[in-house]
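To keep things simple, chains are lettered A, B, C, D, E and F as they appear, and every chain counts its residues starting from 1.
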Amino acid sequence: MTTAEATSLLQPFQDQFRTSIVSVDTSSDMVTITIDKASVIPVFKFLYSEAGLSFQFLTDLCGIHFPDQNPPVLGVVYHLHSLTRNIRLRIKTFTPVSEPTVPSLTPVFESANWMERETYDFFGILFEGHPNLIRILNMDEMTDFPMRKEFPLEDTTRSDKDDTFFGRKQNNAL
Amino acid sequence: MILGLFCFLSLLTIMSALSVILSRNPVYSVLSLILCFFSIAGHYILLSAPFLAVVHIIVYAGAIMVLFLFVIMLMMRTSDVGLTSWVKRIGSFFVVGVLGVTIVALMQRGTLVLPRYLASVEGSVSSLGRVLFGQYAIPFELSTILFLSAVVGVVMLGKKS
Amino acid sequence: MLTNRSKVVVNKTLTFSESLYFPAIFRGLMITMSHLFKRKVTVRYPEQTRVFSPVYRGLHVLKRDEKGAERCTACGLCAVACPAEAITMVAAEREPGQEALFREEKYAAQYEINMLRCIFCGLCEEACPKEAIYLTPRLVPSSFKREDFFWKKERLLETVENRVDVSRRLMRPAQKGAA
Amino acid sequence: MLDLFFIIQKLILVSAVLAITLVIAMYTTYAERKLAAFFQDRVGPNRAGPFGILQPLADGLKFMFKEAFIPANANKFLFVLGPSISMIAACMACGVIPWGSSLMIMGHEVPLQIADLNVGVLYLFGVVSLGVYGIMIGGWASNNKYALLSTIRASSQMISYEIAMGIALIALTLSTGTLSLKEIVSLQHGGHWNVWVQPLGFIIFIICAFAETNRMPFDLPECETELVGGYHTEYSGMQLGFYLFAEYINMFVSSTVMAALYFGGFNFPFLNSLGLSHNLVTLLGVGVFFAKIFALMFFFIWIRWTIPRFRYDQLMRLGWKVLMPLAIFNMLVTAVLILL
Amino acid sequence: MATIVDAPEGVSGQGFFLTSLEKAVGLARKNSIWPLPFATSCCGIEFMATMGSHYDLSRFGSERPSFSPRQADLLMVMGTVAKKLGPILKQVYEQMAEPRWVIAVGACASSGGIFDSYSVMQGIDKVIPVDVYVPGCPPRPEQIIDGLMRVQELAGSEALGRRNSPEYKALLAGYGIL
Amino acid sequence: MNDQPVEKSPYVTLNLGPTHPATHGVFQNIIHIDGETIVDAVPTIGYIHRAFEKIAEHRPFYQITPLTDRLNYCSSPINNIGWHLTVEKLLGVKTPKKVDYMRVIIMELARISDHLICNSILGVDTGAFSGFLYMFQQREHIYEIYEEVCGARLTTNIGRIGGFERDFNETVYLKLRKFLKEFAVVLTEFESLFNRNRIFMDRTIGVGPISAERALNYGFTGPNLRAAGVDYDVRVMSPYCSYEDFEFDIPVGTQGDTYDRFMVRNHEMWQSLRIIEQALDKMPDGPFHADVPEFYLPPKEDVKQYMEALIYHFKVVMGEIPVPVGEVYHSVEGGNGEVGYYLVSDGGRSPFRLHFRRPSFIYYQAYPEMIKGSLISDAIVTLSSLNVIAGELDA
């Protein structure tokens, strides 16, 4: 299904949620719609249950961090797939780092549970309404959110590496 | 030699029986009871009733006590060892004492039934069979009814939960 | 059904003979029995060794050229390309009179691969513009101490007498002109 | 009165039987590993001695010098008692097995059987039923949940399968009319094996034997993928060795019992028409007996490396709902046939 | 916690027992190393290949994996050990009965390998003493066998009293293991 | 069975893992059991969390291939190639047919090796060990083919952005043909050990079932979803790598239980064999890589001779060639389900953000629901039939 067809199919959705949609981008590999974070739940419920769309498959959910924007923002990127129509759709929503809350998608998709926990673990995005928002991959004692850009990648305790060489940035602090 | 064995077995029986009620750990009690059964089985052998001895072991040590042990092991953990209360221990002494006196009294009244039959015939399996299915056929069958009702009762209890 | 290609492959009802357990057990027993008499596939390492593919990515070698001079020019591409950051090197300028030792004007005064870090991905081999470093179908031996795994240049370099054949590792044939 | 010759003869026999049992159990481990390897296109242990024949010795010696760890919160006495009971119960069964008919030594007839109990079959049955205590006590004393689960499984499995086994044995004794093992064996001379008389009984018996020895497909008490090590999860060193050893002794004993009860024991066809001396025939009989035992043990191993294991509830269902009715049916049919 | 098996009296004393006992025990231990596969990731699959018919670890008497730490002689750490897993690894090691050996199989277990990240332990020798390192990511089965043979060397030549020696206790104490 | 110990909590807590033999890899499940029946399970994961996504943000594109190897290490080549396809999508590279076919062969081999591990381990967990070793011998043959193509057995790092690092040589084709022939025999044998064995069927039928709706809601893909009866397959729904050229069926199950998963995987192996055979027969001539000098290293001979090649060589290795700014999501049908790569590029040498959609991570959260009310044995069988790979789970 081409992007153009997908766009036309998504037209009723766009009409209905005109106020919540921040932007629509059709230039990338799939239709990308940025929505207001307040309307996450209604949007997904609509996409899920609207007969012509039935985006009932949450392919992926992940966070993203833009530290260089003003103000720095955290985003959540959802990938949806309508199996009956075979269209994929990317939905994004952003929230400032200072106030990292996004509504949880767990009422719509069971699969969002762990993916949101992972996103919380990595980025510190608080999903409101999530039944069990605790760290999943990292240690519970951890206080930082490691996937934020300012967090250093490397283990500081290693002793067998010397990275003052060609092309490698020292300490790889981006 | 037979006398020596008898004394040894009797001592063992009494010691293990005492240990059943005296040990603080129920698992030890069960194990002592098993030992007790073994020594009693030894007595049977001394009375030239090997069939009874073996059946005694199979039924009591092999089956019933396994269930006892099974239940006790499930009921308690290795670390906590119960029956610390002195009241319980004194109580059990009392009960056992009364039982013991009763048994002794009974022994004085009538002699034990079994050896009389067993001593008279060789090949204890067939003789026992004859006794059970001949002279004592009705009590034997009645006891099977008892067992049957027990089985039914267990099934009923099991179904309920 | 999303496609027209689906095919249900499960049949869960047992036939009477299957429900008796025995046919399947018997068939299984026959299969295992047939294996009892099969030739054993075991390679009795270390007495026997398995044939490695010529392109196997094992222990590295630093190549010398035909005259016996080291090929490495310490450009550092291998170190950059290494995802495990296991390669360390110190470059030095070639002194006059060392032409027989080093092929290029720069050479690696120190060259070290941390074999415990190395993941044998072969990216260094690919990255080397001078065909100086190759992975070979040899294995890095295990050892008792961590220190044994910092392979210095002396250990990595092939000797003139004992060349390591890498002729069959060719990646891709030369094209006329790049791009 | 007991004479000296009798005592010496029994002592020698007892020690020989024990030694042979232990050696066979030891080498069963080796056979199992080697056969498993062969079933799986591998070569198996081959580094300890030529063809790896010293492998069991290596294992044994290693066990002896391995730390025998007693967990801090375990019941120490029972923890040590468990494996010993397992081992003793496994060895005790050898006492009534008729290994051969008899040897004539210096004019005395020496039966190759430690004790000819006239209730030998029942004795065996009783001893086998004791084996579960070792597992129960050890598993419980470890104070480990996996071990406890395994104990539960072991005891319920043992009890359930003993019943079917017992009934199968009753059918057998109905047809033979005796409980003495020696008589049962000698009744089967000339190829009149009980397995032809009691085929269904034999099948029930062998399935129960698998269950009683905790062998695949009934190795639930110690199945690795579910309960780690089962009852011996917490054991190490020689105590573990005892447990593992007891399992193989059990396997040997069950094979022996089956060979004696159903496959004619030391009997082989035409044994009297060969015109050999009595002693030679006896020795040949012993050889034949062991051949039968080994064949059955091979079957144990063969099955183990072929089929999957049951689940706990399925095992129970099989025991109670399939084998027990079958066994009762078999017993009734036998009884009716005898009456006719 | 660990009460080390009492060596027969005289072994620790000079030359009372013949050293042939030590030799025999060494040989026995060497040929009966039961591994505890602590397989966390990729190297675990190569370990399966090592167990498989083509390589057949059983030739060394090591085909019986003991998943219970008590019964194992050799802890084979195969794959990445994250910092979250570190304490568990240490606990497993503590539960093992003496004598025990440890192989770090593969780059991750030995040094963290490619995963030089905040979450990965940079080599398990930070928490437990390692006897043999096997390089490779993952190592070929040949290399794993090679590592096992190194352990066999160690096991075959180890004195009976070593595990009671003050040096060994100091080594363990260095890792905070009682 | 009514055998609850008298404790404060009505149920026994059992810690299944992280070193439990059946949790291949490291998962921890704290399960509450009533007798042997599981009342509740709480999985803990992250024991081998390796921060793939963070590392990927610090590595140039070509160095991420070795990272993807270690995601689902049972079928590394699919991950490698999926990553290459993602980058190619970002760059807008069109690969020649031959590359596609070669990739298809490698990926289907990887699928076989993945399913093979899963199914034979399921055999081990039900107690039949021999089948595992019979199958593993075939895996060795797959390794041999990999080794011939890329030089490694498990973590293959196979292929490059734009194609392959080297062409298939004669040995590869020979070994492939041999494999096709031999594997069919072994697979038949394996099937006759398990498929209709009542013990095995009893152990797996109705064990760990999940309905199609629940599976979809949980985001299941791949064999586990197909076992529930939904014929969703990325290879068919959104074809990549010329998968539309091949004839194959999508095996589906009915109830989504362990037996269904086992059978679906078994049949997928047959389908993979079919695809490999077709790809071998139809293998076109041509170059084994796309013409992308910016990302595909020039031949060494050229680097020696031509300045331009040398410059490209340096630029490729240093990762200094600008890439388009943008974001792509690409998914491939991995051994275990839909493996997705969400790549956000800011034009730099490394991805700005790279997220892996890891099927194991998604399956595993349904695990407690699937085992609730079943026995411990069932839980173990279910876990191995879900084929949750620790490396992929924890990323």
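We adopt the following convention: a contact is a pair of C-beta atoms (placed from the backbone, for glycine too) under 8 Å apart; a residue touches a chain by one contact, two chains touch by 3 or more.
Just so you know, these numbers come straight off a predicted model, no measurement behind them.
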item: Path length in the contact graph (subunit A to subunit D, fewest steps); value: 2
item: Lowest number of touching-chain links that must be crossed from subunit A to subunit F; value: 1
item: Most distant chain from subunit E, judged by the mean position of its C-alpha atoms; value: B
item: From subunit F, the most remote chain by mean C-alpha position; value: B
item: Of D-E and A-E, whichever chain pair has more C-beta contact pairs; value: D-E
item: Centre distance in Å when subunit A and subunit B are each reduced to the mean of their C-alpha atoms; value: 72
item: Chain centre separation (subunit C, subunit D; CA means) in Å; value: 51
item: Whole-Å gap separating subunit C and subunit E, where each centre is the average of the chain's CA atoms; value: 26
item: Distance from the mean Cα position of subunit C to that of subunit A, given in whole angstrom; value: 38
item: Residues of subunit C whose C-beta touches two or more other chains; value: 2, 24-25, 28, 31-32, 35, 40-42, 44, 77, 80, 83, 85, 114, 116-117, 119-121, 146
item: Contacts with 2+ other chains: residues of subunit A; value: 83, 86, 137-139, 146, 151, 153, 160-161, 167
item: Touching two or more other chains - residue numbers and ranges from subunit D; value: 36, 39-43, 46, 152, 156, 224, 228, 305-307
item: Residue ranges of subunit E touching subunit D (in the complex, touch as defined); value: 1-5, 24-25, 27-32, 53, 56, 58-61, 63-68, 70-71, 73, 97-99, 160, 163
item: Residues of subunit D touching subunit B in the complex; value: 73-75, 78, 117-119, 122-123, 125-126, 129-130, 132-133, 136-137, 140-143, 148, 151-152, 155-156, 158-159, 162, 166, 179
item: Residue numbers on subunit F that touch subunit D, as the complex places them; value: 1, 3, 12, 14-15, 20-22, 36, 123-130, 133-134, 137, 193-194, 197, 199-200, 202-203, 375-378, 380
item: Footprint of subunit E on subunit F - complex, ascending; value: 18-21, 24-26, 46-51, 54-55, 66-67, 69-70, 73-74, 117, 133-134, 136-137, 139-140, 143, 153-155, 390-391, 394
item: Complex contact set, residues of subunit A against subunit E; value: 137-139, 146, 151-155, 157-161
